[in-house]
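The same chain A turns up in both complexes below, where it pairs with chain B and then with chain C.
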Partner chain A sequence: MRITQGTFSFLPELSDADIKAQLGYALGQGWAIGVEYTDDPHPRNFYWEMWGNPMFDLRDAAGAMTEVTACRKAHPQAYIRVNAFDATRGFETTRLSFIVNRPANEPGFHLKRTETGGRQIQYTIEPYATQAPEGQRYP
Partner chain B sequence: MGSKAERYKSGVMPYAQMGYWNPDYVPKDTDIIAVFRITPQDGVDPIEAAAAVAGESSTATWTVVWTDRLTACENYRAKAYRVDPVPGAEGQYFSYIAYDIDLFEEGSIANLTASIIGNVFGFKPLKALRLEDMRIPVAYLKTFQGPATGIVVERERLDKFGRPLLGATTKPKLGLSSKNYGRVVYEALKGGLDFVKDDENINSQPFMHWRDRYLYCMEAVNKAAAATGEVKGHYLNVTAATMEDMYERAEFAKQLGSVIVMIDLVIGYTAIQSMAKWARRNDMILHLHRAGHGTYTRQKTHGVSFRVIAKWMRMAGVDHIHAGTVVGKLEGDPNVIGGIYSICRDAHTKQNLEQGVFFDQDWASLKKLMPVASGGIHAGQMHQLITYLGEDVVLQFGGGTIGHPQGIQAGATANRVALEVMIKARNEGRDIWNEGPQILAEAARWCSPLRAALDTWKDVTFNYQSTDTADFVPTVTTA
Partner chain C sequence: MNQVTVPPPREGGAPAGSGTVAADRAPGGPLADRAPGGEPPADRVDLNALLADSHVMDVLDELEAELIGLRPVKSRIRDIAALLLVQRARSQVGLAGGSPSLHMSFTGNPGTGKTTVALRMAQILHRLGYVRKGHLVAVTRDDLVGQYIGHTAPKTKEILKKAMGGVLFIDEAYYLYRPENERDYGQEAIEILLQVMENQRDDLVVILAGYADRMQTFFRSNPGLSSRIAHHLAFPDYSADELEQIARRMLDSMQYRLTPSGEAALREYIPLRMQQPHFANARSIRNALDRARLRQANRLFEQKGHQLDRDALMTIEGEDLRASRVFA
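Right after this comes the complex of A and B.
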């Protein structure tokens, strides 16, 4: 399967030039770039590991791309995403978030159904990968 | 006017002379201001008509009453302070009326509207009356909860940023059994939509009772979430005959793990506010379908403009509101829709007469209301939709998903690919308004569902003259 979190997951993999163009757009809006990675792709895993702090003072797409490349090199089998943060009043949130790296093989999720009373089912979504310890999930 | 004794002598007196017309009045920061389009009966002076509207929507009755003198009545009288002819519309006037904040109960849309649109719309000296816009003072806004969730928190909960959200309404609207209904939900979500939606008239009919529908829909939602790794949702319509029924349905939706429930505008302002408070207490996104609004928002001379309804609904506290598509099958002049979207989404809406927005409106940190574009739209219009409606919007393709020749999943995928490719191109600095069709055609080369969608619907447009247009510029129609 293919995890389709992020703004561009239905498109063919973004090239480095594509990524740089999006970084340039985000920086042009005055947003700060952050790079994050994880080996737990649960849809409600909100806190991926930060590849350093968001780069509030960096205004250059090439510099941001360097960080993407470095994170990919360190974690080639991780999900890596680029977030763009907007500190403008009334937003103060992420404005763009897209995946720039993913494991070669994505086993997906187990949907666990626990039957309770009255035909009700309690659903749990569990990434197959997280059955292994952190760091050993995507060999 | 002469002495107080003369003013309060029994009998009938023109409203303007009773104190409801005051051209020198300067509205206070705490006043609520309404602008009405009035069409007086032949021979009725527009200023007297405006004063009558001010009177009948505040303290007046048809005759002088001495009991006014027991009150600080100057304070409680609404004041018409400005009357302008409507450009290009003979016999119609914009009349501005200021109301003291103490005329209204805190945090109550029902009370606000009981005055502003209470008796006055049936008033005989007027041929027609339309509430065009209102300025709500910060002091009064702060007595309202506002959207239970708001755009920012909704996106953070769903973990979806940088693009419009995608939805679809299950079709056919009526008749599907719960099990078949859930099939549509699953296919559409797995194919790439974020939300599927009950239609406004899906409640609990003989062919499908609500509990059964909720159970199958939540199976569909969870199965699609596991298949994609995304948070998914289905707007479970909790509209019902009584508040007790609605609370019961909403509680069940929550118990099943739904992220969103929906209500219809026809349940009424008080029920909407109750559900908004329930939604805030229960971490639930609250979708509002504006069922019924066209009966009073569409005609320019009489009723209530939808921009006012949008303001009331942001105060009342819903999170989503159907607010027009511009290009789809339902009424929607681009300027008027632009104004309504500003009212939903801005932190501070600026006066924009070309868009029908009469006042600056500071929203006093009330959360933002997500507009929803639904009705006769398809993937081939993606560049137009994004240009007109921007990013913070739910685009709902019902027929445009479910009617796809390769099936529902393919229909959803076509819409999602069209959306992502267009956002990517926009961010890259391409001119999507002009290059849109080419951008879609390029993507259709590698995405066969998109190709089939474009082939099926490429010539579908709904190009009719709008009836609800702004008055201050020549209006444009969409291509």
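Right after this comes the complex of A and C.
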């Protein structure tokens, strides 16, 4: 199951040139770029690991792209996303976020039904991947 | 006096094509003449149009007008500009060639204008489309080399990332390599630098600068670095005449004026200062002028009671310069 999230979730995978163009756009807007990775694809997992510090004062997309490439090389089997943070007063938030890398095999989610009082059912989703301990999820 | 002859004939001769960078080197002269008549064929390129398009002549003319002396440096910059324009023309007609390596080393004595030219270089390369953003990141050893193990690589990479799309200017580059300490982290920075200079030639241009003799030793001990630098530019020392022009230029920009006695004092001062130890070309001149301003301020204070007019505030007298210790 192909997991999607972020800005271009409805599009097919971005090529490196596409990613570079998006990074260039973000830098042109004055946003700071951060690279993050995780092996827990749950949609409510907001806290991905940071790959280095967010990059302020970059001028050109090539600089940010080197970090994306380095992160991919170190974690080829992880979800990697790029965040562009806008520090303008009033925004002070992520303006752009998209996935740039994913594991080759994505097993998807298990739907868990729990019966509670009065035959009511609570639904929970759980990534199959997270049944294995961290670091061993995407062999 | 020399000032009149400094701008070469290209000022007036530009339309004729004789002074334009590309036209006198490129085989495209006749093509360029034919192009305006009718549709230019796909396999023809108008070098003059390319040249006008890039606005590089503005920067080159500015360079010519604002920087005094530095003949060999200026002519090399023109060569590079011509090469890049022809390269662009080649790519328009579908000729491959790969982008040329443009890493440079600037060697010369203190105060010969290395940093100033580096700043211009970033602009020129940007106009010619060789670097994408055209900013200059000026660093020294401290910005690249860390203090403990594992500190250097992230620091160097950080700077390289910032410089991408522009020019990385490493001042006093020979400090990167300290042979007396074999565990010095400078070597690590050099290795990372080499890798990026080789693999990401399109992303940034590295300029190493420093005093000639120490750069020689530096390159001798790092042959890999030397061979990856295509352009070694030597900045010559200024002559007394050129220094005088530079002094006038500086005074103009600071809105000061010399009296005739001040001019005479300056003309005497420069050769004397050139004999002194630690003479640092234009930088020494700047310092001398700063001290003259100091003395002028003092002199104005001592004649208290007078109303000072605009002229008095602008004027530097001979005595302001003659009080210098080089006349002692």
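Keep this in mind: the second predicted complex is superposed on the first by the 138 of 139 C-alpha atoms of A that agree within 3 Å, B and C clash if a C-alpha of one lies under 4 Å from a C-alpha of the other, contacts with A are read in each partner's own complex, and residues count from 1 in each chain.
Note that in this section a residue touches a chain if its C-beta (ideal position, glycine included) is under 8 Å from a C-beta of that chain, and two chains touch if they have at least 3 such contacts.
Note that the coordinates shown come from a computational prediction; the quantities given were computed from them, not determined experimentally.
**Student:** Quick one: on chain A, after the overlay, do chain B and chain C clash, or do they fit? Just give me the call.
**Tutor:** Once both complexes are aligned on chain A, chain B and chain C fit side by side.
**Student:** Classify the contacts of A:63 with the two partner chains as first (chain B alone), second (chain C alone), both, or neither.
**Tutor:** second
**Student:** In the superposed arrangement, which partner chain does A:73 touch: chain B (first), chain C (second), both, or neither?
**Tutor:** neither
**Student:** As a test of reading the superposition: which chain, chain B or chain C, is in touch with more residues of chain A?
**Tutor:** B
**Student:** Taking the superposition as given, does A:55 touch the first partner, chain B, the second, chain C, both, or neither?
**Tutor:** Second partner only.
**Student:** For the overlay on chain A, what angle lies at chain A between chain B and chain C, C-alpha centres, nearest 10°?
**Tutor:** Computed angle, apex chain A: 100 degrees.
**Student:** Once the structures are superposed on A, label A:8 by its partner contacts, choosing first (chain B), second (chain C), both or neither.
**Tutor:** first
**Student:** Between chain B and chain C, report the minimum C-alpha distance in the superposition, expressed in whole angstrom.
**Tutor:** 16
**Student:** Counting contacts the way the document defines them, which residues of chain A are shared by the two interfaces, the one with chain B and the one with chain C?
**Tutor:** Touching chain B in the first complex and chain C in the second, no residue of chain A appears in both lists.
**Student:** If you look only at chain B, which of its residues touch chain A in the complex?
**Tutor:** 152, 155-156, 159, 161-163, 192, 215, 218-219, 222-223, 225-231, 255-257, 347, 368, 413, 416-417, 420-421, 423-424, 427-429, 446
**Student:** Mind pulling up the chain A residues that touch chain B in the complex?
**Tutor:** Listed in rising order, the residues are 1, 3-5, 7-12, 18, 21-22, 25-26, 41-44, 46, 83-84, 89-98, 108-111, 119-123, 125, 127.
**Student:** Along chain C, where are the residues that touch chain A in the complex?
**Tutor:** Where chain C meets chain A, its residues are 132-133, 135, 154, 157, 160-166, 200, 202-204.
**Student:** Touching residues of chain A toward chain C in the complex: what are they?
**Tutor:** Residues 52, 55, 57-64, 66-67 of chain A touch chain C in their complex.
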